[in-house]
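Worksheet for the structure shown next.
The letters A, B, C and D name the chains in turn, as written, and every chain counts its residues from 1.
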Amino acid sequence: MGEILTPVRDAAEARAKSCLMKALVYRGPGFKTVEERQKPIVQAPDDAVVKLLKTTICGTDLHILKGDVPTCTPGRILGHEGVGVVESIGSGVTMFEPGDRVLISCITSCGKCDYCRRGMYSHCLTGGWILGNTIDGTQAEFVRIPHADTSLYPIPPGVDEEALVMLSDVLPTAFECGVLNGKIEMPGISVAIIGAGPIGLATLLTARFFSPGKIIMVDRDDNRLAVAKKLGADLVINNAHEDAIARIRGLTGGAGVDAVIEAVGTPEAFELCEELVAPGGRIANVGVHGKKVDLHLEKLWSQNISITTRLVDTVTTHILLKAVETHKVDPNQLISHRFAFARILDAYDTFGRAADTHALKVIISMAE
Amino acid sequence: MGEILTPVRDAAEARAKSCLMKALVYRGPGFKTVEERQKPIVQAPDDAVVKLLKTTICGTDLHILKGDVPTCTPGRILGHEGVGVVESIGSGVTMFEPGDRVLISCITSCGKCDYCRRGMYSHCLTGGWILGNTIDGTQAEFVRIPHADTSLYPIPPGVDEEALVMLSDVLPTAFECGVLNGKIEMPGISVAIIGAGPIGLATLLTARFFSPGKIIMVDRDDNRLAVAKKLGADLVINNAHEDAIARIRGLTGGAGVDAVIEAVGTPEAFELCEELVAPGGRIANVGVHGKKVDLHLEKLWSQNISITTRLVDTVTTHILLKAVETHKVDPNQLISHRFAFARILDAYDTFGRAADTHALKVIISMAE
Amino acid sequence: MGEILTPVRDAAEARAKSCLMKALVYRGPGFKTVEERQKPIVQAPDDAVVKLLKTTICGTDLHILKGDVPTCTPGRILGHEGVGVVESIGSGVTMFEPGDRVLISCITSCGKCDYCRRGMYSHCLTGGWILGNTIDGTQAEFVRIPHADTSLYPIPPGVDEEALVMLSDVLPTAFECGVLNGKIEMPGISVAIIGAGPIGLATLLTARFFSPGKIIMVDRDDNRLAVAKKLGADLVINNAHEDAIARIRGLTGGAGVDAVIEAVGTPEAFELCEELVAPGGRIANVGVHGKKVDLHLEKLWSQNISITTRLVDTVTTHILLKAVETHKVDPNQLISHRFAFARILDAYDTFGRAADTHALKVIISMAE
Amino acid sequence: MGEILTPVRDAAEARAKSCLMKALVYRGPGFKTVEERQKPIVQAPDDAVVKLLKTTICGTDLHILKGDVPTCTPGRILGHEGVGVVESIGSGVTMFEPGDRVLISCITSCGKCDYCRRGMYSHCLTGGWILGNTIDGTQAEFVRIPHADTSLYPIPPGVDEEALVMLSDVLPTAFECGVLNGKIEMPGISVAIIGAGPIGLATLLTARFFSPGKIIMVDRDDNRLAVAKKLGADLVINNAHEDAIARIRGLTGGAGVDAVIEAVGTPEAFELCEELVAPGGRIANVGVHGKKVDLHLEKLWSQNISITTRLVDTVTTHILLKAVETHKVDPNQLISHRFAFARILDAYDTFGRAADTHALKVIISMAE
């Protein structure tokens, strides 16, 4: 009888198990755990459930863990980046089928509301940045993706899937908020990027779709500047040791640069941009700011400049996919470390101590 | 003999007189005088000397008189607006001849330097805003205009010349810095203009080239708001008595307006703009600022907004001339008072006490 | 027993009847009938069925009836314009509920495919112009609308619903293909519209959102030109009697006009546009063409012009709705006749003999 | 006595000689000669006379020699490209001094007329393409340049001057008429260039400022296609042997390419573009056409395409100068042959038999 029962018990266990998954869960400021959670299921006709293959950690995840993001409450599975395989779909999903390999956008977009119709997916009335924020995210074995048809992207065959994890957030953020808002398309213009972390480096990579005459990277970390140099920066300036304003003005006949891209998120970095922008130039803000900054309109009111802010809309994801597919950009250059999902806490540790570990983006792989 | 001498003496006097002219001269903070000055003469091949017919006073002239514009030194003839008749030209002037009736642009443009070739006449390396600032201006019987071919505009026959005085500065400033930078072309959008002085009202007039769904004017002066209403504002708000933020958010479902135009030049006015701009919207600064402002990036970083600054380039002067000629705008609506040039000090007094006198733009006419 | 049966029979009949509706059906070149057809039902999760309140007839419907539109096969219910009330919805529809009053777009858009994501709804891979073409249309008591969330628009309360019928097709077509492609935003420019039928007049109405200096209408029908004059044309030219080229060149110093909008669809009309366009100008094609045209590149190659073609994308429908709501345009001015749905064949007759009947757009109303 | 006279005679001869120069002169259809001509002198205040260092031959020069350009009459010195040294200047010239090394633009621009103020230098009312057409050109030892301040460009020190000869015409033509009008900035799009002559290859070079996913070159000359491949074309198609339409449609899922650039100037080439353009795409015409073409509006009216024509405005010359200076493009790659000015007739022969000689652009050098 025991012999008979055993397989039954095993099956029951297996069934039970199949409803559970591992996930990285935010447990309040300073606390995160790896937990067993219920696997998500399709809740609405336009939902898909995706089995993760690869995910990563974003600087924003560290902000959440510090308690700086009040919309994200304890108990939330973190993560808004990744690639995976569609597991199940709702009745209204028409663009994907179970088994499809997909890129998950960090921005969920209904495709129907006024904001989505204007291409401002970041402000989608029932989406925007919700993954790993107001709904459970991608640092788990499975994730539910609302508005799947307009929030997932098919992965072209033969494309490196690790590289594509960079297309969930960091590359479109850099490209849309930094490069496109900075209007650097015309050949020969001068560009300064303040901050050489993953987002600043992604700005550098995507700036090179065009042909600016000079791309200058400013940071306080020599290692990151060395990476910037390797990725094609024409000039790097460590502003811990050197006066970036004097140097850049000297190089530009006193005028400053045509486009300055803020990829740090501090008043100091933004105010440096104000000093560096040439008449007629652009300051494109990419950084996430927690404090107000001083805007020196007493100098800038007559300088014909523009300042832009933007939460990434991921409207260029399909463009970036084509660019990766046709080898116009290699996002792998942003990946410094790789971990198995079982070691996600180590991944967080490595990513969190970037100055020491020289971490840029870390890839976390699930067993396929 | 006396009979013989008298005409000779008169002629001599007349000759002497013909080299002199009356002018309004800045004599240091708080001081201005009407003086006799040497008539200007052509100094460079591309100069023209223009006999003024009409001029006006700008808010900037009041700033100079307060001592707030260090580039303008005592002894300077003020004024950067006006219409007149070409008196004499240099050998290189090809677009105008003596006798031509012309509009004087507040911005002097060489048409040759890098900034001019890019349409940024405001930053012309040998021009920009120099009239009544670093060289003598238009509040005089005659004025020398450098780079005449690209700094004067022919007056089409039959056009009201008083109206055209508004095209020297106030209309292009409002249109370029406010309306075009605010991107209000698409029908139905919502616009708020902060400040209903001459520049704010000119913004309203030129906004109506397009078809915004709602134009809201905010000011603390009921008289100016009444004028705004008459000139086509859909809604006026006196923010001395009413909470403009609550009112405007209420009207826009909480979102704010698509374009906010700052036409005051104070931190309070600019920071009000920050509160009123909708996600995806524009803050177009027109005001002249003397102090830094607080930019609340901790709220705005994710709002997909743009902020623009601009010193008027007068690149739209020919467009505005056509618009006046084809009756698409009536700039006369900005004129509240008229004075003979002999009474220019009264004109300053009236313009300077606008709250009491209800002055908008004042026309000062020379005897033709 | 008969007494008992009668109500049963009546009920059965009623039930049967409730599945039927009247519709205008294309029965092959030259033939149309009013028939009883099965009421449409929801077939896909994103379908809605709409009970029509008002519809109209388009010039394209006449083309179909001539046999010129091979995609439209006999048996098809015609019509791609109208307003109505949502009757039922599929499980995936989230933006509308039964009872909502809606505007039906002539273009069906999935909102998900590459074309829709780029704003080219006209080329939607599962939509585009299908209503009254490859699927049954709106000249019926009910219509099934696929991709309802992105193909219907809510009707704002208080807006004239007859006016809105003009927003299904004729106004967005005129605005997108003619006015926006013609780039007429800058005040003071010159515009010629070739053809003063409903679409040419709608181009005139929507051109007036901006402030062109001169709008010239060219047609061969004095009645239509009289309407054009009433709707704000600055000049009308009957090119049956007058040489439009000589007249327009004469008015523009020989240069031609900045924007020419072709709203006829014949080689003659298009080639007239080639003669009228100024250097640097635009030819915006709106007309539906059945033949090739001669493009005189031997003259135009050096003239810095652009030629655009477009099937309406209806991406501006929400803009036009706001413009109607804020009284920036009155589309009722395009309506010349009104019919009850029972008299739709008379409506076709009137519309088809426009030269005699002076018909512009005809409104066909269902009993509510 | 003879001894005394001889030096005098020599001096007289030398003086006489110094007023003469060698020049390539058009002498009617089929005829050209090298002649002694009077050296040009400054005629207007804004003239400069430039001593040529390098010039080249354009396809247009061959058109003139065939008698196809009626504005160019016998006796004209040909040539509209080159670099040189300023010899003398008029009193109104402020941007250059004798001794300055300059690039000569093929387009003469006054900088003052309505067209120039709009950036349409090609249609300058007193300039445009006049060099080697309606006034004497650059295939001579000296050339007079009207409107010198706005028609010459300073040569940055250290830049290869042969490369810069490509910036007089061929590079700005390719970039403005082809690349910018073709709107190929967004990474990953598909581009076809029809014609792999110098202008088609220059289009390829300047297209690579951006990151199109695929650049396809179509020509009937294997040698030119081999050069195209070397210069970075992703795919070359010899449409003498292969069906370009079938191949390109096959590669693009039947849709065609986003941008097609016509760099031939024949009806066949333009009509090929019509077959290749995808819905929503652009046809940018660069070729000089002598005949009308068939425009298939019966197919294209609904395809949301644009067609552009343009005579180069040379508004991007300063951009291209910066791009050369910062090594973003190497125009030397277009140079196939070099000749001394004494051998200019050989240069014409080589350039005129390009199919045999494999000539692209030929450099003609004067003795410095």
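We adopt the following convention: a contact is a pair of C-beta atoms (placed from the backbone, for glycine too) under 8 Å apart; a residue touches a chain by one contact, two chains touch by 3 or more.
As the structure is a prediction and not an experimental result, all values here were calculated from the model.
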{"item": "Mutual neighbours - chains that touch subunit B and subunit C alike", "value": "A, D"}
{"item": "Pair joined by the larger number of C-beta contacts - B-D, A-D", "value": "A-D"}
{"item": "Subunit A and subunit D: spacing of chain centres that average the CA atoms, whole Å", "value": "45"}
{"item": "Residues on subunit D engaged by subunit A in the complex (per definition of touch)", "value": "185-189, 209-211, 213-214, 319-323, 325-326, 328-329"}
{"item": "In the complex with subunit C, residue positions of subunit D that touch it", "value": "115, 118, 120, 122-123, 265, 270, 279-280, 285, 287-298, 300-311, 313"}
{"item": "Footprint of subunit A on subunit C - complex, ascending", "value": "45-46, 90-92, 94-95, 110-112, 114, 116-117, 119, 149-150, 315, 318"}
